[in-house]
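One structure is given here, and the rest of the page talks about it.
Chain lettering (A, B, C, D and E) follows the sequence in which the chains are written, and residue indices restart at 1 in each chain.
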């Protein structure tokens, strides 16, 4: 609970973060950049959980725990994604999105 | 005071997030993200979730970002600029994101949240740790165990993806 | 008296047909001939026996001829409507039995000689038996549906026999034409039957022809006669439609076009089917329903019959004047004579002497069958000898074929109405009856009588006299198997006129007496002799009078020679309109529009599939964009539009 | 095993045996035996039916009912009345004839006969079913083997035709399924449980609104199979491409499912809907009658002619069904039977001609009567039967239809009746056209003079079909009375 | 809570044990005997499946985070059987192609962990377990998709999957936060869902994440590309096991947790079902690659599943579960044949199948049955599955949708028949020559065939599902 800051404002910030992440996800041309955007998305969600927990339901720590797990999962996901990207790089020496458009229609 | 800090943190978050998704230098992009993550950690401190803030800093700033930088350095020519999507596409996506954000925000702002009084629930690291290992009501031992399997699986996955011996044939 | 045995009369030929038909490829000519003739001989004997029994023994009770019906249920339609099969014995059916049997037997005998050596001999006899079966069944029918059934069967036997020489394109065309035209007429017939069935609740002749019911306005038939349909009462409409069926089979104008072409069949067939028996089925049909025709709505339908008959006879006689093919001349002559019969029926009254037209019609049917069959068989004999149908190829044959010559002459005299030959008596009665009731028709028929005499003798002189043609193969008289029937028929044609027909056959089943009407007889004989005389002048010796006349009346000549272009009209309607303008577009429509629509549905699905393939662009970010847009749109829809 | 289930069991057993056959000879023997048994059972059923009918006045006899999916109240319910018995007889005869005619199929013969008998199984099952669900199952089972049968053993544009046929029929079953489900969910209108059982649903008064909605769906669903204009286009192409026995079975039997289904399901269960919609469908179907006949007039491919002829004849069935009286219905059923035999015979003969001359174009054929007397003579007979010559089944059927149709006195139905009756003329024209061009006339091709004569199995097939055609035509009383009697409970619904 | 109650987690425990055993085995077993590890893995899983079939009591563990009912138990068994078949079908591929790259054992580990994730997702009692289960089931599959690390397509497939999955789970999480905000808890039992706008927003975003996993349009785009690039076994796993489980979970959640939003999601299902059926079918029509083909076909199938959800009662639940079960067998049959042929020849295009029946009749027949089952042709099981789904939709009066559904069945039939056409109708000079499959493949295919043939006709199974699906509505 931050004095003078309502939950609406915080949620506004997280929502913005979320959609910035999405914007990045869709417009970036580099796979790693896309992963960065994913981190933005996940972080915005994590803040949401924490804030809601804090502001609305502070009796239980459900949101906080959830955030912890999100961070863990995010780490695992990133690691795996990067390993695949690196593998792709080994194959085609590129980490551009363009390299992943061979299958279509 | 807290209010001002919050606004500053928010500003950092949003500005650097935007910077991160628009910067044409990949390394800068990663660093901007680091700023955002640190701001988020600051925010966690602000609302007294120190444990979370710590995790945020260690796992994200200390782990994931390092991983990013490492891989960028490994597979990327840092000096080269990133391609950007065409302007039309950026505008289109930007608009879509704005609409999405606007929509979400309008719904959020229209919702009457009932803010609870601060409870006595402890957010001490110790309590959180105990909760993590308790198997009764409100205990998180099960997800804790499962996430370990997840991490194991991800590890195995990462290994096998990387494992393939480099052969001359390319598909 | 139990007439149940008469069921054998049709069944024996049926059995013969089945035997010969199934074994048509295996049975030898001799066997087939014997089996065929024997079968029909049995039927003939039974017919004669029946006639004898009926007319002289048991038929008459209290001066009225009784009707005997034996029938069994064949199929049920509704609770009231059903088809029965059986035999109906009354004067006209017995008379027809005699006619059919006689002619058929003669033709069978004749065919053994005529068709000798033909590949399809067995098949031919099978067809003949089938025809005999059908014709007997038709004659003996107890109800409208039975008559319709056999009506169709004679139609098909006629089709088979006309197309007997099936490798000859003209025969094929003729057989098709015959069947289709009569089928078209039968459409009317069937509609008529359906109407009768629906409005009266029965198909049964006994019920339909009941004079008391017909005169009682409260009976179901007459009540329904009040229901109008397109200006006429339904029953009248039905009767006219039924007559249309009869007109088709009897080659009445304008449905006559198949008859001349039907001459493509073997000549004995022409004699049997297209001269003596089947073609008079229409007359028989009207006679069969005569009380209905007469009583319903004061006989409007009957008037139609009369005028159609009269007109047909005139048209046919005119066309016959100019034809070269001897069988076609005879065919038009047949049509003309049937016109006579129809006309006679049409002008007939009901009771006693008023029924003269009816009697005369039946009488003429009888005599005509004999002499027309004779003419055809004679013509067949000639064709057999000359191997041609065309008048120009003939001439002077009397020297080579004496028996044929004499018998043909007798027949020609009979049809020309020269006493004392059979035709004279029947024609005289017809003209007398016409004179009584309808002057216009009387004069028309009088002219036709003259024309008939002329064209018959044009034919006769042209064949047996006239120019001395040089033949490739010297013609010779036909074998006995052919001449014997000729002689028999000649005798009958000569004497049949003396049968007191009115004693046996009248509309109200009560016999009466007729006399020769001297003044009318004189007029008709006069005009007949005149016709013969002109023919004598023109064709006895080879002259050019005929050519001169024909060129003088070039236009008229062409018209009659071209049969008034009715064939061309039909051809135009069928080829140009039905085939090209209706059937062709239908086929096109089906292929392009109906089928096209179905294919279009299929193709457009595949097209749609091609068009949207770009959505699956292979770019993961496009997918993400779709994902997010999807979410945004769904959220918008559900939060702002549906909530 | 009850007397009816055997009709499904025997074909299934035959298929199983076929799966283990080793060579062509065995395939033939097994198929023939199986289908002979089937025919024997059908004849036995006929007599058993007469015996049973004498003591049993239920709508359906030999009924059996086994619960299948309990919670949905789906049963395997079977039973027959005179109509189904007649159609079962038809099916068993045509299938057996089909086996004879297919004697020479050598390419993948085992698969051919299996598919053929699968199809037959579906048809038999359809005719004995009293449960809509079971009925639908059998319906689809009957339709789908067509794809393989046409696609593998067909000729011409077979892939296209097979696909078109299958898709159109399956599309129709979309309508049908919706209709059936609609009926099912309205079958508790009077209280009680939802049911698929036809007899039970017939006791229920389905609300008029529902009837009006579901009748056209059900009707169209079946009518596509019955080649209703304008949904008939699968039929000419399908038939033209199909191998002989398949054309026979399809036109002879499968298309009958349409009329039968309309009668059993659409009309019996939704009488109010039927009355409400009859005008519209009479227009379509009576137009189809004349349309099919006229379209047949301009075709040169024998199979196309016959296919359009089927459109015309089956149009009559539909018109008759919509005329709503016993006589017309009787005619419709008889026409189904009659058309089944006749068209099967036609296709059999066309197959034989094609096999010998390798063409079906009548303009290229001629004078066959001289070179192939047996086949041609039979063709003439079939043609005559087709144009409704008395003494053959077609006449009996058509007269019932006409008389029945004429029982309706309103002007609209009168006109429809006249239109339908007028088809007899056009029919005569196109039949005689074929006979005239193809069978009669001079022999157009020298090679035709040496065509092989018909073989014993071909003759058996032909006789098998000719006998019922003539039998029905000569002595229709027992059959028509059997059907009329069975129609009584149906007419009571109207 | 005592430890005996942990037996309620029998499936999960045994599977975890298998996972660990495989790790140990990988370490212990020598290089030469690695091939036998494949058999070992399959055998272990077969035992697991068998044990899984034993009855299991209902129960709730860990403060409501883990729930097991007869229904979830049943469904886990279905998944087990599916995975068993899949493993049997993959065994040859593993032995021949993967062992040499030294990653055969890992395949088992990843599959097991993904399956474990599905178990937890199914049994989840709160969103946290649900989320972790979801991720656990997805991440290993992403690794599996990129399994053939020497093929660009495989890596591409892995990238596409993991990125799409990340976005989907992010969206989904955002939705969860919104619902958390309005309903006060993350435990299903404690959430009070009301139809406020924010809840709806949250629900819809959450749904998008789940829809991604079931590949419902417009969240399906990843499907085809991932399937095409991934090894066949993985595509098969994704399309059958993972999708089936997700659909099952979706149904459970909709019918219980989101019941208050019924008026919203029924319309949603209606629209999404329509879109999914059409999109899936229209794209499937023009596919040449069988994996892509089956991908789109499975999208369309998912659309059909939604029809069952429209009937929020026992009937709907039963038909959905029943259909999924049949779908598992049918699709595994199709993938199995593709797998068998691809192993032997490397051919994956429809054209390559020309004339297959004449050379490999049995395989063609299996394919025929599987495709007919997918298309919904009686008497094979798929027909019953589909028709019951339609029945469920019709029971709520959605006749128009049913009609469109059946029309889509017809479209689908078209492209299934294209494959049939290639196999049966066509003749080809270079048809795939005759080959004999190994016994495991045979066994795998045989089980699917039996399933396809029996499940539909054997009504007691349906009735059993009907009975147990009642549980959904009891709480």
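Simple rule for what comes next: a residue touches a chain if its C-beta (ideal position, glycine included) is under 8 Å from a C-beta of that chain, and two chains touch if they have at least 3 such contacts.
Only a predicted model underlies this, so the values are computations on that prediction, with no experimental measurement involved.
Enquirer: Just to be sure I understand the contacts, which chains border both chain E and chain A?
Expert: B, C
Enquirer: With contacts counted as C-beta pairs, which pair of chains has the highest total?
Expert: Highest contact count belongs to chains A-B.
Enquirer: Would you kindly say which chain has the C-alpha centre located farthest from the C-alpha centre of chain E?
Expert: Greatest centre separation from chain E goes to chain C.
Enquirer: What's the chain with its C-alpha centre farthest out from chain B?
Expert: Farthest from chain B by mean C-alpha position: C.
Enquirer: Using CA atoms only, can you tell me which chain is the most central one in this structure?
Expert: Here the chain at the core of the arrangement is D.
Enquirer: Taking each chain's centre as its mean C-alpha position, how far apart are chain A and chain B in Å?
Expert: Whole-Å distance between the two chain centres: 5.
Enquirer: For chain C versus chain D, what separation do you get between their C-alpha means, in angstrom?
Expert: 37
Enquirer: Just curious, how far off is chain D from chain A if you go by their C-alpha centres, in Å?
Expert: That gives a centre separation of 65 Å.
Enquirer: Could you state the distance in Å from the CA-based centre of chain C to that of chain E?
Expert: 77
Enquirer: Would you please write down the residue numbers of chain D that are in contact with two or more other chains?
Expert: 167
Enquirer: What parts of chain B, by residue number, touch at least two of the other chains?
Expert: 93, 97, 100, 103-104, 107-108, 113, 138, 140, 143, 147, 150, 154, 157-159, 161-162, 164, 166, 170
Enquirer: If a residue has to touch 2 or more other chains to count, which residues of chain A qualify?
Expert: 18, 21-22, 25-28, 34-35, 56-57, 60, 65, 69, 73, 76-77, 80, 84-85, 87, 91, 100-105
Enquirer: Please list each pair of chains that are touching.
Expert: A-B, A-C, A-E, B-C, B-E, C-D, C-E, D-E
Enquirer: Along chain C, where are the residues that touch chain E in the complex?
Expert: Against chain E, the touching part of chain C is residues 602, 605-606, 608-610, 612-613, 615-616, 618, 620, 622-624, 626-631, 634-635, 638-639, 642-643.
Enquirer: Tell me, which parts of chain B touch chain A in their complex?
Expert: Against chain A, chain B makes touches at 1-3, 6, 10, 13-14, 17-18, 20-22, 26, 29-30, 33, 36-37, 40, 43-44, 46-49, 51-52, 55-56, 59-60, 63-64, 67-68, 71-72, 74-76, 82-85, 89-90, 93-94, 97-98, 100-101, 104-105, 108-109, 113-116, 118-119, 121, 123, 128, 131-132, 138, 140, 143, 147, 150-151, 154-155, 157-159, 161-162, 164, 166, 170.
Enquirer: Under the definition above, what is the set of chain B residues touching chain C in their complex?
Expert: Residues 93, 96-97, 99-100, 103, 107.
Enquirer: Which residues, counting only chain C, touch chain A once they are in their complex?
Expert: Those in contact with chain A are residues 613-614, 616-621, 624-625, 628.
Enquirer: Which residues of chain E touch chain A in the complex?
Expert: 126-128, 131-132, 135, 139, 142-143, 146, 149-153, 155-160, 162-163, 166-167, 170-171, 173-174, 177-178, 180-181, 184-187, 224-225, 228-229, 286, 292
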